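Below: a set of structures, written as structure tokens.
Both complexes shown next keep chain A, but they swap its partner, so chain B is in the first and chain C is in the second.
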Partner chain A sequence: MAEDVKPTRKNLMAIEDRIELSERGHDTLEQKRDGLIMEFMDILDQAQDVRAELEADYEEAQRKINMARAMEGDVAVRGAASALQEHPEITTQSKNIMGVVVPQIESSRVKKTLDQRGYGLLGTSARIDEAAEAYEELLESIILAAEVETAMKKMLEEIETTKRRVNALEFKLLPELYENQEYIEQKLEEQEREEIFRLKKIKGKKEEEEKEAREAEMKEADKAAAKEPGAVADD
Partner chain B sequence: MSYTGSSNPEYVNARVRSRRSQLYDEEEYRKLTRMGPAEIARYMEESEYEEEINALGSRYSGVDLVEYALNRNLAKQFHDVLRWSDGRLYQFVVRYLQKFDAWNIKTVIRGIYADVDKQSVDDDLIRAGEFDDRRLDQLVEAGTIEEVVNRLDGTMFGDPLAEAYEDYEETGVLVPLENAVDRAFYENLLEGLTFDEASADYRDFLRAEIDFRNARNALRLARSGADIDPAEYYIEGGKLFSASELSTLASNPDELVNRLRESSYGDDLSGALDDLEEANSLIGFERALEAALLEYSRNLGNVHPLSVAPVVSYILAKEREVENIRAIARGREAGLSEDEIEDELVIL
Partner chain C sequence: MSQEIAVVGSSEFTTGFRLAGVRKVHNVPEEEKDERLDEAVTEALDDEGVGIVVMKSDDLDHLSRQVRQRAETSIEPTMVTVGGGGTSGLRDQIKRAIGIDLMDEDEDD
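And now, the complex of A and B:
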């Protein structure tokens, strides 16, 4: 509130400094927000493609496992699946996009060759191979989608935060600072006017006092002059 | 039911003929493709699967009930065939049915490996091979894979498994054990058997099965891009490929397809080979191989009605019936269309 600020020149200077800093910050944050939105749009396009691919891979994997369960039997498919205990490994690193730290997910041992899947080759069929392959592809798509969608989410959070900061500067902090600046300037002007008026008053009073003093002096002088002609007569 | 005694194909064939007549025909499959899983179970309840559906109905429902009932009925039927067979016929039949012993061993090993409870493992067994209930129960009760290997000592799977167990300990994956079990089954199919004129065609049938298995595996390896020598997975006993030939052909799938086309199987498989080249998918090809084997065994049964052929033909036809019904039930559950399901069926 403007009334809470002491209308001093020092405060005015401090507010002017803050206004300058806030305006600079506002411009920078606006540029950051626009940059983030552009990056976000790129990631959004990528995420849409990845999501579509994920859905297609899921459909395909479901279709293949359904066919494998239909033709080989649920018991055979479960058996082949239980022959594998080695899990894929996922490592996460991070990269920086315009100050936003987003994950970079690296996976290994997702896609396997026939001899790495655990089940024997001689007693199984191509249906099980194809179902396993389809699920490996699905898993890769999920990992990619996790990376892209997490990046998208983080970018979105950062855009929101930046937008809130820009708005806070634009609609709250800067207007308050301008108001305070104006208030202090008005107060200072008023004080200046009062000071001039006061000085004028003092000056007038002083002049009046001087005038009175001069008049008193003159009266004294007149009185003295009036006494002096008598003395001359005595001589 | 024994290795000894004289072969009794006449008796067994007569019984098998009667069982064969109970198999579902094309019209029944067509009806099933229009039903939901529960209706299929109900339909089965009114046929030869009644006992199994009733026995399992309180534990399972839907497609699982259908699948477990099919497996149990299959085991019962094949157990009957073994019970009726004597002498040389028993030898022929049991060697083929040992594929279920291989299946059961793999199921037990996988169960231990994945820490599945014993009841679930027991449920997944198909008791249609040579192993009796006692031996299978012993295997299920084994606490470690090593114990399973030890308990199989003295069977045809014992030595190969013991050898593969070292690889398993080194690598930690089941591949060596599973391959050892399947290889033992395939290589034992023809081992030490003598064939007369009537059974020579049956020998050709078994060879065809081995050839097809070798071709399928070579194509699967070629497509997977794995750096594996196909010779490691080569099964002895076929007539079409040697191990070294298969290694060379696996690196050139087109050549392999040409080789199959020019072989004695070429006429039966030409359509499937065309599809394989066009669609680049092994699934249709595998289906065609199964259909070719089924057709081959049926023809054998007609040519030599007093040999092992009609029995093997029935075994294959029964297996195919189980696969077809399961495909229909699972296909319906997964929402496949009637046409898609019918495409997957192999009906003769």
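And now, the complex of A and C:
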């Protein structure tokens, strides 16, 4: 609130410094927000492609496992699934996009050869192998989707935070600072006007006093002249 | 640190992933999803050894509001939903952050 600020020149200078800093910060944050949105648009395109591929892989994997269930029976499929020895693993590294740390997910042991799967060749059929392969493909798509969608979420969080900061500066902090600046400037002008008025008044009073003093002096002189008639006669 | 993939859902949904080698599987029978899915998802999200949690999009409807919101916005681990688009949480976040429904535009194209 403007009323809370003391209207002094020191405060005015401090507020002007803060306004300059806030305006610069506002411009920088706006640029950051726009840059982030542009980066986000690129990731969004990529994410849509990845998502479409993921859904297609899921459909295919479902089709294959349904086929395996139909041909081999649910028990055989579950049996094969229980025999798996190799488990897919992921390791996450990070990269930086405009100050936002996004993950880069590396995967291992997702795609496996027949013998790596561990359920044996004799007890299972090609349908189960196909289903396993389709699900391995699906896992790869899921890993890629996780990477891209996490990047999107992190970018969105950063965009939201930056937007909030820009709005706070634009609609809260800067208007308050402008209001305070105006208040102090007005108060200082008012004080200046009062000072000028005061000085003028003092000057006028002083002049009046001087005039009165001069008049009094003249009167004194007149009186003195009237009291000394000899001096007049001598003249 | 290496992490694993977890799958949450009915055994029909998870069997395929087990076939691909996923061992962190949380099976919740279809008829018990309303009661037990929240717990299973929370357990998967709390597991530090899990980097990605996979779920069926439709199963999100069985989650309580709190767990659903946590699942949709979770970054570590990341929740990936399959079947039926599965980007509703992201879509809302985009609308909130950018101010435009970008996914809607793209779908219309």
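Assume the second predicted complex is superposed on the first by the 224 of 235 C-alpha atoms of A that agree within 3 Å, B and C clash if a C-alpha of one lies under 4 Å from a C-alpha of the other, contacts with A are read in each partner's own complex, and residues count from 1 in each chain.
Here is the rule we go by: contacts are C-beta pairs under 8 Å (C-beta built on N, C-alpha and C of every residue); 3 or more make two chains touch, one makes a residue touch a chain.
Since we're looking at a predicted model, the values are computed, not measured.
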*chain A superposed: clash or fit between chain B and chain C?*
fit
*asked:* Contact-wise, after the overlay, does A:Glu160 reach chain B, chain C, both or neither (first, second, both, neither)?
replied: second
*Given the touch rule stated above, what does A:Glu86 touch, chain B (first), chain C (second), both, or neither?*
both
*Report for A:Met67: first if it touches chain B alone, second if chain C alone, otherwise both or neither.*
first
*Examine A:Ser125 and indicate which partner it touches, taking first as chain B and second as chain C; both and neither are also allowed.*
first
*asked:* On the A-aligned overlay, A:Leu138 touches which partner chain: chain B = first, chain C = second, or both, or neither?
replied: second
_Which chain, chain B or chain C, ends up touching more residues of chain A in the combined arrangement?_
C
*asked:* Per the contact definition in the header, classify A:Gln48: touching chain B only (first), chain C only (second), both, or neither.
replied: second
*Once the shared chain is lined up, is A:Tyr183 touching chain B (first), chain C (second), both, or neither of them?*
neither
*Quick one: smallest Cα-Cα gap between chain B and chain C in the superposed arrangement, Å?*
10
*If you lay the two complexes on top of each other, which residues of chain A touch chain B in one and chain C in the other?*
62, 78, 82, 84, 86
*So in the complex, which bits of chain C are touching chain A?*
1-5, 11, 15-23, 51-52, 54, 73, 75, 78, 80, 82-83, 85-87, 90, 93-94, 96-98, 102-103, 106
*Touch list for chain A against partner chain B, complex*: 62-63, 66-67, 69-71, 73-75, 78-79, 82-86, 113-116, 118-123, 125-127, 129-130
*asked:* Under the definition above, what is the set of chain B residues touching chain A in their complex?
replied: 63-64, 67, 71, 102-103, 106-107, 110-111, 113-114, 116, 124, 172-175, 177-179, 181-183, 186, 213, 216-217, 219-221, 223-228, 233, 235, 281-283, 285-286, 323, 326-327, 329-331, 334, 336, 341, 344
*If you look only at chain A, which of its residues touch chain C in the complex?*
37, 40-41, 44, 48, 51, 54-55, 58, 61-62, 65, 77-78, 80-82, 84, 86-92, 105, 108-110, 112, 117, 128, 131-132, 134-136, 138-139, 142-143, 145-146, 149-150, 152-154, 156-157, 159-160, 163
